[in-house]
Amino acid sequence: MATQAGAPPSVGIVDRWQAARLPLPGWFPWLAGRLLAGFGTVLAVSAIVYLATLALPSDPARVILGPEATDKAVAILREQLGLNRPIAVQYVDWLRHVAVGDFGNSLDSNVPAFGLVIERLGNSIALMIFVLLVTAPAAFLLGVAMAVKRDSRFDRTAMTLLIGFKAVPPFAIAVALILLFSTGPLAILPAVSILDPSLSPFAQPLYLVLPATTLLLLVLPFLTRLIRASLTETLEADYIAAARLRGLPERRIVWRHAVPNALPPVIQGFAMATRMVLGGALIVEVVFSYPGIGSALNAAIETRDIPVVQAIALLTAIAVVFINLVADFATVLLTPRLRTTTRPRLRSGTGARLRLRAGGA
Amino acid sequence: MIAPLLLDRRGLLATAGMTGLGLLAGCGGARAPQAGVDEGKPRRGGRLRIGTIEPTQAGNLDAHKPVGAGIIRGWAIYSKLWEWTKACEPTGALAESTEIAPDGQSVVIRLHQGLEFHHGKTVSAEDLVYSIRRISDPQLASPYAGLVAAVNRDTIETLDPRTVRLHAHPGKGLVALMDTWISFGGIVPTDYDPVHNVVGCGPFRLKSFKPGQRSTFTRFENYFKPGQPYVDELEIIEFKDQTARAYALQSGQIDLADLVPVEQAQLLRRSPGVKVVTSPTNNVQSLDMNVLHPALSDVRVRQALRLLADRPDLVKRALHGEGTTGNDLYSPHDPTYDHDIAQRAHDPDKAKWLLAQAGHPSLALTITANAAGAPAALVFAEQARKSGLDLKVERLDAASFAVPAPPGRAITTGGIPARGFLASALHYDAPDAIINRTNFHDPRFGALINAALSQPDVEKRKPLVHEAQHIQHDRGSLLIWGFTHVRAAARDTIGGLVAEKTQFGGWRVDEFWRKDA
Amino acid sequence: MTSRRRRPNRWRNERQIRAGTVLLAAVLAIALPGPWLAPHDPNALIGAPYGPPGAGAWLGYDYLGRDIWSRLLAGGLSIFWMSIAASILALAAGAAIGMLSAYRKGAVDQGVVWSTDVLFAFPDLILVLLVVSMLGRAPWLIVLLVAIAFLPGVIRLSRGVTLGIVEQEYVDSARMMGFSSAHILLREVLPNMITPLLVQFGVMLTWAIGMLSGLSFLGYGVAPPAADWGLMINENRAGLLVQPWAVLAPVAMIALFALGTNLIAEGIGRINARIEEEA
């Protein structure tokens, strides 16, 4: 999510650049600042996770070898894994390796951690894209329809349903979906998503349906209401009234004039929805056995597979920061007044935001 | 090849030619269970997909350090000197003959002629020596090195290109060696590498390996059993979740599932096209009492806890009835097992009296359980609660549970796959146990075990074992409440899956075949 | 001004709140007095594992043979107090931090903003999983961790509100008149925050219910043999198709609980938003 920009770094340098015939867009210092902050964030996350994993009770060597191994064997493995060095040394060493793309090997299976993680992350992202591809148009159509037909019966029923789905915890939805579609008379979808790793997840869409549906029901209410609220507010603006007075058809007003201006909060919402999907996915992955990043992390923590835990934490943090950055950037680009300032304020004011949060009236 | 020893509970039937051969009886019970239906002659061809459960560890391909799903992969890639029969006795596989000296201090192993590895090299004594030195190499840090700790890895003699003599460390006996070495004793060539040159002489060659997900194999045409394996290709898919795997079997996404838990078994028995095969094994289910714990160091407290256990109820609830009760002793199928020791009954009154005597009328202890042992721990805690004891159950994740026998732990859930008496002792309470789960050190018991380990003759070993078992029963630290059945499930199109006395029914990848091949 | 006048729909919101209250009351009627109403001891082993519903057991028996109905009655208390505790904690801490941070501005404010970014960037649940693996499963620890997971959101909210107010002139004049910071915060800022915070409380409560039950479901929540709805789902999931009630009953309870609180929160939020607008 967006933050207020810090004091623009080195405005002086920017001025000099601009004076030296290199016209930099106004938002450049902001972007540079955000990149720096993002980098710092990722670093902080990795450091915290590193410390946390090292503070876990019972050491990875013992976990790998199991309780029947002799203490001597465990000690030797610890030495081989470099676990006896001071924590700071291990961390710096790890950072050095990461900087050149070497995330080490999984303690559990000896394959490079990076490859392992990227594949699982790929599965999760594929699921996320699948979900968003379906949710985005659905949320838009539904949200616009609800905003335009405010307070009609359609609006009210849809709202009730959305509230219902939003409230129910994801595993409840998942279990219900399994009972409905994988067992009994309607058994048309597989309850288990055993993806063939040699194929892309998109080549096996049946496995994606149930997990995606669960996540969709998690995210759709949020996005729909956001769009609805944002569009409602936009539709009350004066220029919309003026367009109506001029006799423009309602549909054109809505889609050509109102919706584009209602977009910025929605983009933020998208970023949040992406985060929700990546976050709510762990439970979905467990219930459907989907080989995603959440269950990989869970397994890695359980087996104290430190390189994998850190690789996942780092890559996920990068992904989240990146998504937020892209969302903020898109918002800036889409909003003319923000494009031209050096200190973009991405919030449209607390009043509007509070109304959005409360779901709009 | 060592002729199998047929045992039944009433006595011992020895086949001819056994003198001088130290044979440790495996876990056989009565006659090996027959397959229910005559399935006809095995057909060659086709692809077999096995689903196995590996919730967390991705595992590896190392012959001597397999963990989790690596064990079943090991059955595909590697062959060992011996293998388990369906009656759970070790019988020769790669080994043509095995002779233990009468004093148990050395053993001569001879390989069959003409054995080959996957890459064409002949299996020779050199590879055998390499393999045993590898599994016992401290640098490899194999968790199973302790199983062959009796062997002196520095005094191995190569008698001829196919024969090797192993010597024991002084004072240690090799009688249990076959039983202990079988499990993880894959024979590998001298140029073996667990990552880059994964080669064995098992029924299948490795084709691909994705840790945590699946591995594929192709038939090894020069497998030492002629005509086997039957299927062309094998695929082992790892599932994180039992329910998921059960669904996959039901819908035909996999053909076979090993080690099926009881809940899924009930489900699968009702599914068309799927059969569930239940093997009545002697896999131990135990509650291990730490002798170093202040309260448990008193033998009366331990006896009291053993008397508090309502064993049939534990079997009914923790195993859903699919098991048999235990008498705090392991290996009932071993020919040296003393069947005259009376079955301990459920006697809460006597237990309370003993506790009062020991000065602990209301005892508070913690049972540390992992996910598998939690149901039994919860049931036992509830049983004990009725007699006024406050037993708390602490359920730990696998990593925290793996720390072996810390002095602080009072009672821990445990269990081992069925093995012979001496091999089980080496997992539990022998002086040289790879880890002594209960810190039980009784000098007389230790002396008896060590003597038994050097006594290959079964009849002469019996009195030693009997006395040792009496000690275990009277003042031991193990509460062995039962033995569990082991189930495997397969689609009806798969042949070769039969009930056994072992838990390996679902792992005999060289015996499965497709009826629709 | 031709924007469509909103029809007064107070009645809709009241219906929403009423529906939510009914649901919530139903759930609480089971969860709160439940432990005392249970016909059997929730931990007693009285039936066959996964036994079907029968005379003494309306829903049947769970995987160890315990009465599901009794466990259901006893199982709501933990999630009830833990979700409320986590939400209150997050609210109080987040409001305080956000208020102070926005008021101070400067480096402290930047630090707080950046910290919330870091917390947001954590893969969900990893913090909880790691810390629980580290320190064990004490209920208060889980409450604390869930509160920390919600903290960044509350901080952002309270900070935003505070910023909006602090930039007003009357705050400057109050300061010039010599009122202390604490006085200003408590008297001027806080009253304006109460409404949005209340709405946020309702929302957070729903999330907390979902998150806590999710943690129990994954096995990171309350320890057995405690009767806890999330744990019941976790323990009996393997036998879902053999004895569905052991899973369905607690799932239904959790869903209704979350739904009830959410409806009420939504209703209140709407009413307040409308009041604000009409003001």
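Each chain gets a letter, A, B and C, in the order it is written, and its residues are counted from 1.
Note that in this section contacts are C-beta pairs under 8 Å (C-beta built on N, C-alpha and C of every residue); 3 or more make two chains touch, one makes a residue touch a chain.
In this text, all values refer to a predicted model and were calculated from it rather than measured experimentally.
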TODO: Report which interface contains more C-beta contacts, comparing A-C against A-B.
DONE: A-C
TODO: Could you find the chain whose CA centre sits the greatest distance from that of chain C?
DONE: B
Task: chain B and chain C: spacing of chain centres that average the CA atoms, whole Å - done: 47
TODO: Could you put a whole-Å number on the gap between the CA centroids of chain A and chain C?
DONE: 22
Task: Rounded Å distance between chain A and chain B, as computed from the means of their C-alpha atoms - done: 45
Task: Two or more partner chains touched - positions in chain B - done: 243, 397, 399-400
Open item on the list: At least two partner chains per residue is the criterion; list those residues in chain C.
Closed with: 133, 237, 240-241
Task: Set of chain A residues in contact with two or more other chains - done: 56-57, 286, 298, 302
Task: Complex contacts: residues of chain A adjacent to chain B - done: 56-58, 61-70, 72-74, 76-77, 80, 106, 108-111, 116, 182, 190-192, 194, 197, 286, 288-289, 291, 295-296, 298-299, 302-304
Open item on the list: Applying the document's contact rule, which stretches of chain C touch chain B when the two form their complex?
Closed with: 43-45, 48-50, 63-65, 133, 219, 223-225, 237-242
Open item on the list: Using the touch definition from the top, list the residues of chain B that touch chain C in their complex.
Closed with: 242-243, 261, 263-264, 266-267, 313, 316-318, 320, 374-375, 378-379, 381-383, 385, 393-395, 397, 399-400
Open item on the list: List the residues on chain C that touch chain A in their complex, please.
Closed with: 1-4, 6-7, 9, 12, 16, 110, 113-114, 117-118, 120-127, 129-131, 133-134, 156-157, 160-161, 163-164, 196, 199-200, 203, 206, 209-210, 213-214, 217-218, 233, 237, 240-241, 244, 247-248, 251, 254-255, 258-259, 261-263, 266, 269-270, 272-274, 276-277
Task: Residues on chain B engaged by chain A in the complex (per definition of touch) - done: 55-60, 65, 67, 138-139, 141-146, 194-195, 210-214, 237, 239-241, 243-245, 247-248, 251, 253, 397-405, 427, 434-435
